Amino acid sequence: MEITQITVLEDVELNNPVFIEALPGIGHVGKLAADHMIDEFNATKFAEIYSPSFPPQVFVGEEGLIENMINELYYVKNVGEDNLDIIILVGNTQALSPEGQYGVCQDILNFVKGKGASKIFTLGGMATGQPVEESKIFGAATDEENIELLKEAEVEIRSNDGGIVGASGLFLGLGLRQEMNGICLMGQTPGYFIDAQSAEAILNKLAVLLNFEIDTDKLEERAEETKEMLAKAQQMEQDIINKANASSSDDLRYIG
Amino acid sequence: MEITQITVLEDVELNNPVFIEALPGIGHVGKLAADHMIDEFNATKFAEIYSPSFPPQVFVGEEGLIENMINELYYVKNVGEDNLDIIILVGNTQALSPEGQYGVCQDILNFVKGKGASKIFTLGGMATGQPVEESKIFGAATDEENIELLKEAEVEIRSNDGGIVGASGLFLGLGLRQEMNGICLMGQTPGYFIDAQSAEAILNKLAVLLNFEIDTDKLEERAEETKEMLAKAQQMEQDIINKANASSSDDLRYIG
Amino acid sequence: MEITQITVLEDVELNNPVFIEALPGIGHVGKLAADHMIDEFNATKFAEIYSPSFPPQVFVGEEGLIENMINELYYVKNVGEDNLDIIILVGNTQALSPEGQYGVCQDILNFVKGKGASKIFTLGGMATGQPVEESKIFGAATDEENIELLKEAEVEIRSNDGGIVGASGLFLGLGLRQEMNGICLMGQTPGYFIDAQSAEAILNKLAVLLNFEIDTDKLEERAEETKEMLAKAQQMEQDIINKANASSSDDLRYIG
Amino acid sequence: MEITQITVLEDVELNNPVFIEALPGIGHVGKLAADHMIDEFNATKFAEIYSPSFPPQVFVGEEGLIENMINELYYVKNVGEDNLDIIILVGNTQALSPEGQYGVCQDILNFVKGKGASKIFTLGGMATGQPVEESKIFGAATDEENIELLKEAEVEIRSNDGGIVGASGLFLGLGLRQEMNGICLMGQTPGYFIDAQSAEAILNKLAVLLNFEIDTDKLEERAEETKEMLAKAQQMEQDIINKANASSSDDLRYIG
């Protein structure tokens, strides 16, 4: 159990697919957008990914059923006017350590490259820390051609503007090093709640860039559900953290 | 010394044993319950487990004798009306790093699977952070059949309710991935003291689920002893931490 | 992707080159000085270095273009009156973990040793935490001969004076263990802004030690640009950190 | 550079030597005592130990000369009335990570076991956090026989009394697992300065236990020197830490 484990559920053939990454992050903007795409396009899960670099825990889901920390790959064929094949990466976690992040992202990238992917989209949130009137979408890219596409889609270009931390940045960086190109779309969001508005804005830009149409009516509803689920989970986790800090459990402490 | 070391003390043959995990955690609920089972059922230690991912320290026990960080496996045969064989995992620590947790849990799981175990029970505490009138037991499980068993035993089902962090969660998650099923029992506890009441409540539910009887009279007494022992240990460790932070020891600092 | 990746762009032959390390650190003193040398001497990039121990992120640079975390080696031939060959190590990051730092530095050192380097200069800043009237340059070295050279160049010798943390220290320590000698030059700097004055002072001492001349007119201008670029990046990163801490994203938390 | 590197300087033959560990820790009690022994007994360094788990830094020592993070083994023959051979482990650091601690300690233990060592003494400080009238020595041991020896030497036995963190604990724990026995001596110390009084007290007990005589006249003087040296180092390191936290260096930050 020392490396990324990719369990292939279906050995699908895809035609030059676009790879979309949307692992959980700020405001769950990317994840919410991607989960919605999977539903609307009726995408098929074809691989499950586990890593010992994921947090050592499980989630308690619907009806008390235990869920592993996992990343998942879905595919959908013939999307939009360009009959585009798409691979979507979603999940409930990212690797914890820097080395773990590099390892998991590189292994996934190798896998989707093996499926023919050469273009990467990563979806994330950009925290403003204050209420957002209208969620603006910012973009960055691996090359000038993609920057042009962003400008045509009226995405705001970030320039000399800090870092993109985690999978949304790393996939593009690793792609750059093996002749894959790509775009990062970041939805402005207050950052402290599940942001359906920002997810909708990001989906609309993605629809322009990839030339498809998507119904976003149910997105608000989905956001509500996610919100309820997470609210409980967070409350409890925060409680555990507070207790653990105050508690008499000395077993996991380490002082060097 | 790079991997989990399992020292087998007795090459015991077991008949489809149930595997019970009770490593130290919140309120020492699981540990206390399991230690009590080991005593009452006169269980036999048959394996010792060491890992370089355990905290790099030792404990000073009775009479000044040094104790290693360790996990231990006990077995007991023909328990209760179903003549059940049981493997119990106890210890004084869990691995520190995420990768360490995955490694140790997976290695132990492989070992007990090799002994025929296919069902997992994990015992833990669930911190409330405030006094608890009557310790309620919450449950989660890997599958619907086990959820039904929990309901029959009048265990409260957690639903969409956060995570289970550490070994109690991870064993079930790893089990799920290799056709083992299981249940996590969590005893409500304030979390900041050794909670005999919660351990008793968890044992009572376990007795129903596994169809055995267990005398819990001495549990309170055991809790008192554990309390005294830990109180000293914690006080000292906290002192060391405070001192280390304030102290002039610059040898272990690192600023990147 | 488990080890340092050194991509060689040009298989250059060098004549007993001096190796100068100037990765980012306090006040960007070393980095600023080295970037200026590369420009003024029109140095050529001949290798790129990646590591899974670098931070798992990318930077957004000019015009929205994504830049990998990277270390880079430049060479320049026949510098100054001694016709000195020089290798310069610059980059936008250092490895995060202790083991990563050792791994990356050792691998780079082996590589430049293979190019004939036997003498090491490391450039860094030394934080005063308060305004600095005139940036003094401090030095340390692997041996007495180099200490003498520092004294001749009127560099202030640090004695029994703490540690040098990160690549600037480690390259000299690792060098010591394989018969390479060297000098660390540290420019006094307040530490909380890009310090062109300190970089100029360090360059002037380096020019004396290596017997070359360098025009520092454009250094102030370069510092201004760096300042603007970093200011934005930091502001944003700090915002993200603040938000992440306050936010409802529970996916990356871990409590043991 | 992935494992502990032990450079043997002299292939000495020793007669059933006692192994004494005194790496830096609280109040530098053990280190001070061991450095004094090395001087008084004119011990000979016979091995140097490096590890990529040590902090990635160097120290600036006398006259600006750079010193590696290092552990060192000394030997001395025919000490005291029992003509005892002794191996002493000293150094300026311990490994940082748990896994690193286990790795380094195990490798050193294997090495000294290969030299015939079967008994271990570890020397450390025990922080009180407040002024200490007379430095009491506390002890713990791997077995009852050694506890008896401690009692005869009028060492206070710690019982059910917390943990021993780091090398002083780990060597005994690892020893326990391979038929080596040993004793930990802990000198009570305020913990926030170099404590010559506590080091003297620990040496006096060690002299009783190992049946030798040692002149402690120069210990106070040595403590003064160490104090001066460390005071500067700490001050500076603390300054760097403060600056680094407040500074504009965003290169080494990571937010997941």
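Lettered A, B, C and D in written order, each chain numbered from 1.
Keep this in mind: a residue touches a chain if its C-beta (ideal position, glycine included) is under 8 Å from a C-beta of that chain, and two chains touch if they have at least 3 such contacts.
Which chain is which protein? Per UniProt: A, B, C, D = Proteasome assembly chaperone family protein.
What you see is a predicted model, and the numbers here were worked out from it, not measured in a lab.
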TODO: Could you pull out the chain whose C-alpha mean position is farthest off from that of chain D?
DONE: A
Open item on the list: Over half shared numbers or under half: where do the identical copies chain C and chain D land at their interface, same or different?
Closed with: different
Task: Relative orientation of copies chain A and chain B, as a Cα rotation angle in degrees, nearest 5 - done: 90
Open item on the list: Using Cα averages as centroids, what's the distance between chain A and chain C in whole Å?
Closed with: 34
Open item on the list: Where in chain B do residues touch two or more of the other chains?
Closed with: 55-57, 94, 96-98, 162-163, 165-166, 233-234, 237, 240, 244, 250, 252, 254-256
Open item on the list: Help me check something: in the complex, which residues belonging to chain C touch chain A?
Closed with: 1-2, 50, 52-69, 96-97, 100, 228-229, 232-237, 239-240, 242-244, 246-256
Open item on the list: Considering only the defined contacts, which chain D positions touch chain B in the complex?
Closed with: 24-28, 55-57, 92-99, 101-103, 105-106, 127-129, 139-144, 147, 150, 157-166, 169-170, 172-173, 176-177, 184, 191-194, 230-231, 233-234, 237, 240-241, 244, 252
